[in-house]
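We just call them A, B and C in the order they show up, numbering each chain from 1.
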Amino acid sequence: MNQKPEKLIDKKGTRLDGRKAYELRPLKLEVGVLSNADGSAYIEHGKNKILAAVFGPKEVHPKHMALQDRMVLKCRYHMAPFSVQERKSPAPSRREIELSKVIRDSLQPAIFMEYYPRTMTDIFIEVLQADGGTRCASITAAALAMADSGIPMRDLVVACAAGKADDTIVLDLMDEEDKLGSADVPVAMMPNLNAVTLLQMDGILSYDEFETAINMAIEGCKKIYVMQKEALKAKYVGAKEEEAEE
Amino acid sequence: MAAVVTSLKQKQISQLAAKGKRLDGRGLEDYRELKIEQGIIEKAEGSARVLLGKTEILVGTKIETGEPFPDTPNEGVMTVNAELVPIASASFEPGPPDENSIELARIVDRGIRESKAIDTEKLVIEAGKKVFIVFIDVYVLNHDGNLIDASALAAVSALQNTKMSNYEIEDGELKIKSGYTPLPVKKNPITITFAKIGDQLIVDPGLEEEQVMDARLSMAIEDDGNICAIQKGGPGYFKPEEILKAAKLAKDKAKEMRKKLGW
Amino acid sequence: MPTFFEPKQIVTPGDILAEGEYIAGENAYKENDKVYASRTGVVNYENKRVDVVALKAFYVPRMGDTIIGTVTEVGFNGWEVDIQAPYTAMLRAQDVLARQFKPQKDDLAQVLNIGDLVVAKIASYDRTHDPQLTVEEPGLGKITRGEIIKVTPTKIPRVIGKKGSMISIIKQETGCQIILGLNGVILVTGKTIEDEQLALMAIRKIDEESHTSGLTDRITQMLREEKSKREENKNESKT
């Protein structure tokens, strides 16, 4: 068992991994990484390593689960047994089931569900390594996978968390801050539509602290959003298309 | 399958909401009639029954002994489980907990755990080896909307009602003595849930309002007015301003309810 | 009335393309007076209409489209056909047999079996039922020879080229017959396997480089180079 650190932030405002309160962990995004999925993306965010894949729209099985006027969206958030310090059983935990639901609810507002009645789309998220903030990193990757699949979207969905470490509101909690800090506020949004699609909080925050945290998370989201767009375009750098008649 | 809300009614609810009104005549910020009864299940260590409008929740607590978690050897354990039993709604099917009952349990759990409502340090029998485990089981008996707030109220009421047998350690064994001690409850969190219908936030959504809403936002407020848990649910979204407005309103409504309940 | 991108720039979902009196065209939508992109692609402004030419999109059936599909199930009175779309297409026995269908006597698997390829047309399709196919026109029916290649459906116009320029070149240089399924499946039938491979090479290159310019010339050049290489090899093997 690791020693618990005495302080999460020192007097100069430096966190355990050297960051300042408002700094994001390093991020890497890649789109179109799995050849069998209709859309896919890979994210490294801090020490988080997560793969997201999208299959669909496709026929619904069993048929009676189909909706006559819209698509059915399913999402599975799953952690690999070796992704955390103590091996995690492969069976879905209650936490994974809840996260699967809130992640689905965070992506659905971006999708034109009524465009494809009587179909379904599966989103699969595999956390290969976890280090605090997996649900946010998962959403960021899943939205890219969705865009990569060619399913039309209102906007990309991007996610980032803020929280409280010692007495300071900080951006993008790492694992120790997540476990030992006094609040965690994950936020997902469609930035161009100013729409928050995931919001959770655990810990204790006054109203003012909550306001600071959510605004900080939103700023973090906007920074990551720019990186998402670059990742999508990276496949097509240098694009200019000749006019083509149909 | 649950009855589909007719498109006529859906329109009605949306149109009324836009005008600041609701089907049952409530204001946008009004709760339905609330009734709480405690101690109705004698075989449980604690129990409470909440009636919020026609939504009915029964919570029973049971206390057992067991090992503490390795990273908190000096704290007792609490766990929340929820069941959406089939009698509560035509849309609830028998079987293992689905994502809805798991989400409900975890939201109720968060409110209690993060506010540190139970003084878990007082639940230690032998540090690192033996502690008390508090099982909080939420039983939804009738679903007429806003299971979250009703369940959260019932859970805290059940905790307030919970009594633990007195005990002593004899030769390393736990021996039950006569008499009871109330479970050490330090805080009484109250959860306020909002539904978003069009551009309006309405408090304590009823069943039909829930079927029409775009999304919901639940906030648990502890005794000092701080927020200790938040959960957004549903496939819609909130604008940041709406979230901050809800946070302010949740604080006020929790204070109002706390006074009314005498918590 | 502002537009926010240069024509032919790559845009991604959620990018604000224009504001004001603009109409949202392909792969775009309008909300609160703004036109947004809904897919990744190249933006185009034409008068007051904003389109995004998607770099990747799956096929959605349209009435009258010619498509190429694979039989996946033999049913009681017809076949299920995979047309690389979110919906499975149906081909009714009635349509293929061109006479009264007798369920007890006719063995549908003899006519079309699982794995068979067909060129067909979408006869009917709407939001409430799966697409129905027909093979009742000349040129439609079971595919017996040739090679199949799949591309993103949005690339089919590129394979055709301006006024058919691209596809004419491929047909000319390879001597192949080419049937373009609008669902992104292309059938190439040539006199020899080498001819077919040549055509496939060209199509694959178009698929990979569709977003670049000068492609028609590069394809023409590539085809001619490959053909001369082949000639050389043939001459060498003769000596």
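The working rule: a contact is a pair of C-beta atoms (placed from the backbone, for glycine too) under 8 Å apart; a residue touches a chain by one contact, two chains touch by 3 or more.
Computed from a prediction, not measured in an experiment: that's the story for all the values here.
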**OP:** Starting from the Cα centroid of chain A, hunt down the chain whose centroid lies farthest away.
**Re:** C
Subject >> Identifier of the chain whose CA centre is least distant from the whole-structure CA centre >> reply: A
Original post:
Using mean CA coordinates as chain centres, what's the chain A-chain B distance in Å?
Top reply: 27
Subject >> chain A and chain C: spacing of chain centres that average the CA atoms, whole Å >> reply: 34
Original post:
In whole angstrom, what separates the CA-based centres of chain B and chain C?
Top reply: 54
Original post:
By residue number and range, which residues of chain C touch two or more other chains?
Top reply: none
**OP:** Scan chain A for residues touching two or more other chains and write them down.
**Re:** 190, 193
Original post:
Which bits of chain A are touching chain C when the two form their complex?
Top reply: 38, 56-59, 68-69, 110, 112, 116-119, 147-150, 152-156, 190-193, 228-229, 232-233, 235-236, 238-246
Original post:
For chain C, which residues count as touching chain A in their complex?
Top reply: 8, 10, 12-16, 27, 29, 31, 36, 38-40, 42, 53-58, 60, 86-88, 127-128, 152, 157-158, 160-163, 210-213, 215-216
Subject >> chain B partner contacts - residues on chain A that touch it in the complex >> reply: 1, 94-95, 97-98, 100-102, 104-105, 108-109, 185, 189-190, 193-207, 210-211, 214-215, 218
Original post:
So in the complex, which bits of chain B are touching chain A?
Top reply: 70-71, 97, 99-100, 102-103, 105-106, 110, 113-115, 215, 217, 222, 225-240, 243-244, 247-248, 251
